[in-house]
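Notes follow the structure.
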Amino acid sequence: LRLGLPEVIYAEGKTPEQVAEIFRRMADRGGAVLATRAGAEAWNAVKAQVQDAEYHALARVIGLRERHAATLHLGPIAVVCAGTSDLPVAEEAAVVAEYLGVKVSRIVDVGVAGLHRILSQREALAEARAVIVCAGMEGALPSVVGGLVAAPVIAVPTSVGYGAAFGGLAALLGMLNSCSPNVTVVNIDNGFGAAYVAAMMLRAGAKSA
Amino acid sequence: LRLGLPEVIYAEGKTPEQVAEIFRRMADRGGAVLATRAGAEAWNAVKAQVQDAEYHALARVIGLRERHAATLHLGPIAVVCAGTSDLPVAEEAAVVAEYLGVKVSRIVDVGVAGLHRILSQREALAEARAVIVCAGMEGALPSVVGGLVAAPVIAVPTSVGYGAAFGGLAALLGMLNSCSPNVTVVNIDNGFGAAYVAAMMLRAGAKSA
Amino acid sequence: LRLGLPEVIYAEGKTPEQVAEIFRRMADRGGAVLATRAGAEAWNAVKAQVQDAEYHALARVIGLRERHAATLHLGPIAVVCAGTSDLPVAEEAAVVAEYLGVKVSRIVDVGVAGLHRILSQREALAEARAVIVCAGMEGALPSVVGGLVAAPVIAVPTSVGYGAAFGGLAALLGMLNSCSPNVTVVNIDNGFGAAYVAAMMLRAGAKSA
Amino acid sequence: LRLGLPEVIYAEGKTPEQVAEIFRRMADRGGAVLATRAGAEAWNAVKAQVQDAEYHALARVIGLRERHAATLHLGPIAVVCAGTSDLPVAEEAAVVAEYLGVKVSRIVDVGVAGLHRILSQREALAEARAVIVCAGMEGALPSVVGGLVAAPVIAVPTSVGYGAAFGGLAALLGMLNSCSPNVTVVNIDNGFGAAYVAAMMLRAGAKSA
Amino acid sequence: LRLGLPEVIYAEGKTPEQVAEIFRRMADRGGAVLATRAGAEAWNAVKAQVQDAEYHALARVIGLRERHAATLHLGPIAVVCAGTSDLPVAEEAAVVAEYLGVKVSRIVDVGVAGLHRILSQREALAEARAVIVCAGMEGALPSVVGGLVAAPVIAVPTSVGYGAAFGGLAALLGMLNSCSPNVTVVNIDNGFGAAYVAAMMLRAGAKSA
Amino acid sequence: LRLGLPEVIYAEGKTPEQVAEIFRRMADRGGAVLATRAGAEAWNAVKAQVQDAEYHALARVIGLRERHAATLHLGPIAVVCAGTSDLPVAEEAAVVAEYLGVKVSRIVDVGVAGLHRILSQREALAEARAVIVCAGMEGALPSVVGGLVAAPVIAVPTSVGYGAAFGGLAALLGMLNSCSPNVTVVNIDNGFGAAYVAAMMLRAGAKSA
Amino acid sequence: LRLGLPEVIYAEGKTPEQVAEIFRRMADRGGAVLATRAGAEAWNAVKAQVQDAEYHALARVIGLRERHAATLHLGPIAVVCAGTSDLPVAEEAAVVAEYLGVKVSRIVDVGVAGLHRILSQREALAEARAVIVCAGMEGALPSVVGGLVAAPVIAVPTSVGYGAAFGGLAALLGMLNSCSPNVTVVNIDNGFGAAYVAAMMLRAGAKSA
Amino acid sequence: LRLGLPEVIYAEGKTPEQVAEIFRRMADRGGAVLATRAGAEAWNAVKAQVQDAEYHALARVIGLRERHAATLHLGPIAVVCAGTSDLPVAEEAAVVAEYLGVKVSRIVDVGVAGLHRILSQREALAEARAVIVCAGMEGALPSVVGGLVAAPVIAVPTSVGYGAAFGGLAALLGMLNSCSPNVTVVNIDNGFGAAYVAAMMLRAGAKSA
């Protein structure tokens, strides 16, 4: 059913050996492979077994592109976040989207407390077929971005913050109650899921045209 | 920015007179108009002022189509729910989507406790460019549907249930933790938002093709 | 200690007779009197006893100005909210502030999903010595306003919204985690408290100059 | 009252020496003994004192079978889970059930996002007199299994997942709200309790026949 | 698959006419029918259409027995509760169990604050093949009963209580953490579910003998 | 006001040196001194400075008795708990009570799942002027004890348990909803507070006689 | 066991007829009888059947004193609250205590925001053998009172407040974390329970003297 | 817009090298710089690069004063807390306020359980133009202080406490429900934010005079 989509390993809670072993087995079948939530040790174990794999340290993603496969040129989408703390989640989204054949434009350092920064990116946003917005603390950025674009916004609450941030709960609730009607939400820190949904939208859209 | 999209009134907490007054003012501008969460009294007030308006009682939506506007033929999407209790939310999604120019295929009465029913709808699901799934109680239906389609799934938790359903919280949490990666989530009972996001996806997809 | 500040009655849960009786007793002492959360029936009972009292229906506040007292001319402050649903709380804040001797500039209908509206009010905001921002749902407005002003922002979460708004909890958490460092928070729907704090700030500031 | 049932030690929070000492004392009485939540160090301490004890590393269970006791042949039951992360809890359930005299059929790797896998196990499920289903994240598997069998389903939410999984809370709430009426629930990660209840059912059923 | 089990209507949120209409349609097929959460008005509507239906007011259950069907004689089970407030839930469990062919022994007025009452029922409890225990407030009764029987205990938290009972949450959490290992739990106020599980256990046990 | 009561140091979060320094300073004044939540390192630091101090390892309490002070002979009270896991909290309560001049009778290993054990202690309970009951998991023991005595019961929820025990929340809620009217509650794991309240009761009672 | 204590009916959720019937039956046995949470209708039903019963409207308590019984003269205790909203709970405590033979001194209108009022009551507080403190909102009063007396403080959180008061939860948590070590807590709005515990303390103290 | 205010780095979750690098870059621009939540290692990295920086260990703040800048003499404000555990948060507030040009008077060791201590500070409080109150556990101190001053109170809940303190939630809720109307609240442990708001008040007040 999902021809062309990579196999994805969730590396959290698996030993480096387990990750490497599953990765190699999937790579042998010839398609694309991804491992998310993968630390340096998992990467060391994988690269010893799968020559062409690549590591994206900030995103904590190990990837292997499909050989001889015609790349789908979907998108572009924008991946947006406010600051350095949200970057790992944003990068997980961006890197996964790229492996799924989607062109990504990264827009970082655009918090709601300094509107000029997000406003200065309106052109880049206007080109996006979908926008992924990662935000912690009060999670207000998706509402602001939602008002600036005529495209779906996939909001990713992050666990960034302290105290009454409650590990991402404040951002999650904020996003679910967004006053911008084009906003949907995935799980806290789930950059992978946001990328996957964005790719699905673009593929389904491409088919339907 | 959002040319062609109807103006939307959230009728909850407004008096019938207020709803009718806002509705008429918007109708006078010539575009499409929608009022969601509108009861029979709001409808009575609106129809006295705006001749061509229509009422969708189960969905609690009052609508007015744009005159002389070329209908966009987007979609189709599927709107899926398990039972009679979730129908009002599903109908809000379906009716709003139709006003937004999207063809809708309704698939009701397909709970996860009787898989043959959802399995017998696989063909209809395969045609959908996006699927809206409304579910209360444990909210498991989006995960099951997510595994059956290669399209984005917009999950709408409903406040159906009692006790530990906690007004839709159980369904909401379930959907946010879906093991199907193509699932995103909107607020509890927010059929309107799900339809809006689906329409946005199809429009952005259409542009991008 | 608090010379010049009116006595304040919290009318919720008191009978109209009780409110009127307390109000009259306080009025007899000659100072200013306020009753908040006062419905039409409480108002009817009070006006029968205290001739000079006034009713602010939207704010649900009954007030009596101090006779012969020199009005303090503090402020101005701005009271900001996004839409019609938040208006009662915003009006409670604005009316109470005025009884406390503060000049108020009302800025309504400025949601974060349409930034041009709040941006077009920058001048009015710049004049404010303090800003009260009332917002329900995701409660993102105080962060945006906080970034536009060099003054303290007092955020009032409102119970507007449904589902995962959880009666104002989503807005409250959002505001507590605001990325604008000049934001403080009062209880859900507590327009009165926000006005009181703003007046205190201005009085303390006036003294200190 | 509970003749024939093993003594059970909850090893969490006890030192290896304490576990070994209690285990040996119980073993000396001649009946079966179990220790759950037992790590490698507890096992090393126990095997130095009780020769015939066995260790089930994945389940983290140390067991000693009753000598000369006629094995009860109850069941079979099925123990079902979706993936590798839920395996430790599923194995705790399976191993404990076996020590309680119940035949167990393990069905793993059957998530709700790929229904063909659980559907291909319908025969094995049909034979089961009770089914234990362990699932984390959205916890939807018990509802699906509940619809496939005419037997009681004991659902075990696991703490697998992140973000809005809230340590198993999402799965727990989902299971409590199951739309399959044959589902009951035990505590998060409580594989032991599920096995115990299943054994109780079969024993009580055997008596009643 | 579930031959012999009645069809069950959840009457909450349906109009009396809807309940009566569904009830009659099901009755026409000749099997047993149940409607739970059915008030007096639903009952009036049903009895006008289905002659042989019966109403159990305290349990709020409308039932119709299968004609010519050989009654299964399963059980007995015990249904236990502490006081008058929990009686409606206990009666829902007891009445539904009886329609499912299970013999029921009712043990009421046995709270944990007066142990002699539950201790004086030990004989009746010993005969039970399964025990359903309904309790609100602190929900301690299932643990105590669990220690007195060698049978599975199905605990039903009720929404009885105030303040920190939080609508049954305190009882629910208590039961999930029961120190009696033979306790499982269903949703708050879910007497129906408890009866269904008990019947499933006895049927599966009967088959397996 | 509190003549005769020891000074109490809460050692958690203080360095061993800080604890020792404060302890010595208080000891120099000649009265009794207590430090709770004190680990081995705090004890080593204290004993180097205060010769007559004593350490109660299980209770994690360091104590120094008042020199030449006539011991008050209050009580007796009973300190009750179910198992080894709750012992540290129970011992904190018992040891602190003894330093406060109260005679303590320890009753351990009496869970609600085996009623004979608590019933066999009825005589010891009957003598108690107040009973402190420490319990984790479902926290049902205070209700049972409350029904057996004509004295106040001070319930201490403990953080013992896992999953839906939520760090003592389940036990706390259970105790607050106790159906025994003679039960009051202190904070989770607060053995110290329970002892202090018990001593206060006995002192106030002694005065009043 | 509890000779001399009245029987207590919890009237909430019982019909006036049920309350009257139970009340009369208990009264016939000759001892004292109490009904709490009793509205005007329950009172009308009771007084028609039991001549000597009395109604305490603010406390919502119906009482009947024991005939010919020597009144125990326990106490005095103080019942303290901040304002009119907490009065019904405070009165429930005070009236129940009086029926239990305890002398009560009422101290009302003493909030923590105006310390002079509570400080001016220090003498009355010093005489109390136990103090019941009822407070809603932030629930700070028990801590302040706890620091002023050398007697046990029984804190009753009330459901007074709005927004983040969450029906008494804020007050409950505050009281459980009181920095005054002589504070214990009962359920939200449970004036009855506080009175019962206070009476138990005094009786147990009396015995022990 | 914010001329004269220092740049602020949130050091938590940044490597010492990152903090030092950002700090040096900002220092090069010539204005004041602050880093909050900075441990000893961050400090070591910063001081190697920026000669004039200073470290406030208890506050965990690294600061650099603006060269040649005329110091603003705002205030004074008071920073109040109850005990040693709250000191780090109070010091973060005090030190940040001083860098923002505000004179600070520290009032520590004034808990609500010993009112004489806070009452003895009434003079110092009376001089304050704003008061920052840091408190954990039940968070009652801001209400008491709020009643003693005619100035705004900025309440900082701290994560000090255990059990039902729930990481500062109890204090947060208490402060939001303060019965003193001059109280506003910032996030748990957010001493920085409280100082920033206080400085903003004084600056806005100064302008308005």
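So that you can tell them apart, the chains are marked A, B, C, D, E, F, G and H in the order they are listed, and the count of residues begins at 1 in each.
The definition used in the following text is that a contact is a pair of C-beta atoms (placed from the backbone, for glycine too) under 8 Å apart; a residue touches a chain by one contact, two chains touch by 3 or more.
Just so you know, these numbers come straight off a predicted model, no measurement behind them.
Undergrad: Counting one step per pair of touching chains, how few steps separate chain C from chain E?
TA: Step count on the best path from chain C to chain E: 2.
Undergrad: Considering only chains that satisfy the touch condition with chain A, which of them also satisfy it with chain E?
TA: B, D
Undergrad: Among the chains, which is located farthest from chain C on the basis of C-alpha centroids?
TA: D
Undergrad: Compare the two sides of the chain B and chain D interface and say whether they are made mostly of the same residue numbers, over half shared, or of different ones.
TA: Mostly the same residues.
Undergrad: Which option, G-H, A-H or C-G, should count as the same interface as B-D once over half of the contact pairs match?
TA: G-H
Undergrad: Calculate how many whole Å lie between the centre of chain D and the centre of chain F, each centre taken as the average of the chain's C-alpha atoms.
TA: The computed centroid separation for chain D versus chain F comes out at 37 Å.
Undergrad: With chain centres defined as C-alpha means, what is the inter-centre distance between chain A and chain C in Å?
TA: Between these chains, centre-to-centre, one finds 42 Å.
Undergrad: State, to the nearest whole Å, the distance from the C-alpha centre of chain C to the C-alpha centre of chain H.
TA: 26
Undergrad: Could you pull out the residues of chain F that touch at least 2 other chains?
TA: Within chain F, the residues that touch at least two other chains are 163-165, 169, 172, 176-177, 187-188.
Undergrad: By the document's touch rule, what are all the touching chain pairs in this structure?
TA: Contacting pairs: A-B, A-C, A-D, A-H, B-C, B-D, B-E, C-G, C-H, D-E, D-F, E-F, E-G, F-G, F-H, G-H.
Undergrad: Using the touch rule from the top, collect the residues of chain F that touch chain H in their complex.
TA: Residues of chain F touching chain H: 12-14, 18, 157, 159, 167-169, 172, 187-190.
Undergrad: For the complex, which residues does chain G have touching chain F?
TA: Interface residues on chain G, with respect to chain F: 1-2, 8, 74-75, 129-130, 150-152, 154, 172, 176-177, 181-188, 192-194, 196-197, 200-209.
Undergrad: In their complex, what parts of chain F are in touch with chain D?
TA: So the residues of chain F touching chain D come out as 84-85, 160, 162-165.
Undergrad: List the residues on chain F that touch chain E in their complex, please.
TA: For chain F paired with chain E, touching residues are 82, 111-115, 119, 137-140, 143-144, 146-148, 161, 163-166, 169-171, 173-180.
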